[in-house]
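Next up: the structures, one after another.
In what comes next, chain A is part of two complexes: it sits with chain B in the first one and with chain C in the second one.
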Partner chain A sequence: MRDWILKVENLTKIYGDGCPNCLKSETNKCPFCRATIAVNSVSLALYSGEILGIMGESGSGKSTLVRSLYFDISPTLGEAYLNGEERNIFNFNSQEKRKLRNFNMGMVYQSPYRGLNFEITAGGNVAEKLLMANWRSYSNIRRRLIDLFEKTELPLNRMDDFPATLSGGMQQRIQIAKALANNPEILFLDEPTSGLDLSVQARLLDLIKKIQQELKISIILVSHDLGVIRLLADRVLVMREGRIIESGLTDQILEDPQHPYTQLLVNSML
Partner chain B sequence: MQDIILKVRNLSKKFNLHLLGGKVITAFQNASFVLKRGEFLGISGKSGSGKSSLIKCIYRTYLSTEGEIVYYPKNGMPIDLARCLDEEIIDLRHRKIGYVSQFFYAIPRVSCLKIVTQTLIQQGVDEDGAKRRAKNMLLRLLIPERLFDAYPSTFSGGERQRVNIAQALVKKAELLLLDEPTASLDKTSRAIVLDEILKLKKKGISVIGIFHDDEELKRFADRILVLEEGKIKEIYKNDKNS
Partner chain C sequence: MTEMIKGYNFAFIDEYAKREIRRKILKAVSIPGYQVPFGSRELPIARGWGTGGLQITLSLIGKEDILKVIDQGCDDSVNAVNIKRFIKATTGISITADTLKATIIQTRHRIPEEELTEAQILVFQVPYPEPLRLVEPQEAQTRRMHAEMDYAKIWVFLYENIVKWKEITIGARYPVFVNGRYIMDPSPIPRYDVPRLNYARTLYLFGAGREKRIYAIPPFTEVKPLEFEDHRFRIEDFTAKSCALCGSKDTFLDEIVDGDRRIFTCSDTSFCKKRREDPNIPKSSVKK
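Presenting the complex of A and B:
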């Protein structure tokens, strides 16, 4: 069996002061203190080389969960472990976190405005990630950029263009190139294809699949689109009101969902 | 004592349809039987009697409601397919258990050769070997070379089903689950598919199969399990096949 690579235990993110009743709240608004429990006691394991899908409606906490794991957000409670490292990564100091983020993880955001710096060129965006991982030689960086542009099927002659002049599909490819720059073990994809034309979406999904197969990278994929989940994910977690309400093999979740909410979701989308 | 590969005990599958006010539908209940290593167990029964659900529970596309499905791999510890981790099922699907579904979901934009090659790579076969074996299997199932790079989502029903069969048969699983594999095939390709299944059986692969044609079932099955309204009515030895 495949080894686990990332384990998360009881991850919770509360916006607001919080109170002792927050975690017992059925919804993500605590009835006692009005705080928002964006993620409530989530535990999961990501296995090496798999694509783990996270689905759920808008506001269910999917993005907060992956952004916490990428250290964009600091969780209120909970632990996360990488295989072979005994300390909770949320207790790492900021330098250690930066190192994990730069060397071990990659992130693609739904919005390119969050994932890219629009003040610098497409190539510059990817190079930035290399510089953060201590790449110094200009010619090596240049070679790596060409390599990454080819891998993500980006035209080389757009390398010196600014993100704003590129299509939505290309902007996402730049995010992917950037995320892959330092050969991370874990990739977080937060709605990487939403808002794009169907044909652009399809090509991007194929690219993700190809990259996953070639690099054997482990991926957490957030999507509310069942088609995307079915195409890419081996397993799925279903989130609602900050909690995981159901998890299973992708075909099982689609054909035999257990939770009323998942049944509704699957039935309304097929 | 005869070597056993699968022991199903008191297995039930109920669907709780929350959208219909919690209506409960029983697909099958209290199913108990064993599958011997190398045996071909046929399942027969009317439409709606629970045949596909039983196979899907074994493959874990459906979650069993009660009971257990203990799988005894040739090497390794017994494992309850009804309750084990999803990750363990994925591993078994990659290496040990093959499945031909009644309705094939062809992944869009993946070539037919790639689909079959990929199942072998997942099993640990190297890329060149996987490609060679995949090509062989496709050709044996009468998929012409000119279709290798095409997408099964654009194929005819029969061609698509043969790709489905190819990806299940090529990997020489220990346990093969067949849900009406030949239903959408014409006479020629049907004979060829049946021939390939027979070859696997001779190699000692254990099979549980649903065939909509009783003749076909009787040609292969060592024993036949009859389902009636979700209950096992009988399991009898098939004398025609010896």
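Presenting the complex of A and C:
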């Protein structure tokens, strides 16, 4: 068995005051206090070099889960550990969390408006990560940007253009370049290809696969698109109403789903 | 000597206010470059006209002090003259134009040419104390950024400057990194004065009355302008130019356009006057 790189235990995110009965709730709406339990007692482990897919319908808590791990959202309960670090990362102070975000993790959001700053150039967006890591030579930064733009197949002559002038696919590539800038160990992809047309989607998926094989990076991939999951993920977790209802190897889950909901999900594939 | 106004406390503001400001100054000196909030008092001068610097001066000044006030190097401009008259009227202390004789110097946007000593205090009037305001409009965010040393945004600004213009285009108010911890706004001094903040012998105090902040650079503190290894900070270029009045080649010059004629004169008027009397007078009288 390979080493785990990120371990999550009983992660819970409740919107609202919450009550002792929330965690027992079948749905993501607590019948007693009406609080929303976006993520309910989720435990998982991410192993080094794998792509872990998380699938489920809208509102099942997929995005809340990865955003909690990237510290965008602070969870109500639960713990998460990085290999080699004994403390629960949710208890880190904000400076330590920022450091983890910058050096150990990368994130690609579904909407580039969330992941990029549209006031600064495409190159500037990626350079921000390098500047956070104390790169202080302009020419080295430019060289690294060229490197990253080539790796993510972005046209170099668009480096100094603003993200708003670039296509949706390019914007996602900038997000990927930004996420990879400091060679993180873990990459979170939150619906990276939703909303793109099929050919652009296919090329982006190829790129993710290629990067993952080259850099041996561990990825958590959130998608409601079973095609994307089938293509990329080694293992899959199926989420519903904030809980993990089924997990296993991708082929196993997609070919022989056990849980009635997963069966429904797989059968509704076009 | 002008007559002192009666009915007011020495140096106008009350002793409790002075005590608060002194305490905030102590805090500022203890944490170089950190902006300390303070209760900015009402003064008979509008906020934004040097009230931050004035409150620092008023709370530090004693009967033995000798005061100099300059506005962009000039002893005789309206802002400087009004502040001098006000302080004179409420304290009765003596005023000088000679940089070396003054114990406290209040300044707007310049550091005097002559090197200051440990015995002196330089008080800056600051319009905008927040160096990160350039890239972040929210005060709550800039405070968080300072707390976490999250300075990437201002570095991106400098990076984009170079992308666009091939150099950093900030003129006055060039952001500096103080004591390896805080990025600080040195007030709108020209770039020429920025290197003179580094390891200076004098206590530098900064007061922003409208924005209600006090900060400081204690003597012998490292102050570095933000720069890239391959795009260095540089000062204004006065090559082949000299002061039309005193002939100095080593001072910060103001450009004056007079019809078709463009001449340059020293921005520091009192030092220019000294140079006119003795062209060889050095800028530093400190023995090293």
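Keep in mind that, in the parts below, the second predicted complex is superposed on the first by the 269 of 270 C-alpha atoms of A that agree within 3 Å, B and C clash if a C-alpha of one lies under 4 Å from a C-alpha of the other, contacts with A are read in each partner's own complex, and residues count from 1 in each chain.
Convention: a residue touches a chain if its C-beta (ideal position, glycine included) is under 8 Å from a C-beta of that chain, and two chains touch if they have at least 3 such contacts.
The shown structure was predicted, so the numbers you read here are calculated from the model rather than taken from an experiment.
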Message: Quick check on the superposition: with chain A as the shared anchor, is it clash or fit for chain B versus chain C?
response: fit
- prompt: In the superposed arrangement, which partner chain does A:95 touch: chain B (first), chain C (second), both, or neither?
  reply: second
- request: Figure out whether A:234 sits in contact with chain B (first) or chain C (second), or with both, or with neither.
  value: first
- prompt: Does the superposition put A:137 against chain B (first), chain C (second), both, or neither?
  reply: second
Field: Inter-chain angle, chain B to chain C through the CA centre of chain A, in degrees rounded to a multiple of 10
entry: 150
Query: Does chain B (first) or chain C (second) touch A:127, or do both, or does neither?
result: second
Task: Please indicate which partner A:156 is in contact with in the superposed arrangement: first for chain B, second for chain C, both, or neither.
output: neither
Query: Among the partners chain B and chain C, which is in contact with a greater number of residues of chain A?
result: B
- prompt: In the superposed arrangement, does A:164 touch chain B (first), chain C (second), both or neither?
  reply: neither
Task: Could you tell me how near the closest CA atoms of chain B and chain C get once both structures are overlaid on the shared chain, in Å?
output: 38
- prompt: Can you list the residues on chain B that touch chain A in the complex?
  reply: 15-19, 56, 60-63, 86-91, 105, 107-109, 118
Query: For chain A, which residues are in contact with chain C within the complex?
result: 94-95, 98, 120-121, 123-124, 127-129, 131-132, 136-139, 141, 160
- request: Using the touch rule from the top, collect the residues of chain C that touch chain A in their complex.
  value: 144, 147-150, 152-153, 155-156, 159-160, 162-164, 228-231
- line: In the complex, chain A touches chain B at residues 1-2, 45, 47, 50, 202, 206, 213, 230-231, 234-235, 247-249, 251-252, 255-256, 258-260, 263-264, 267
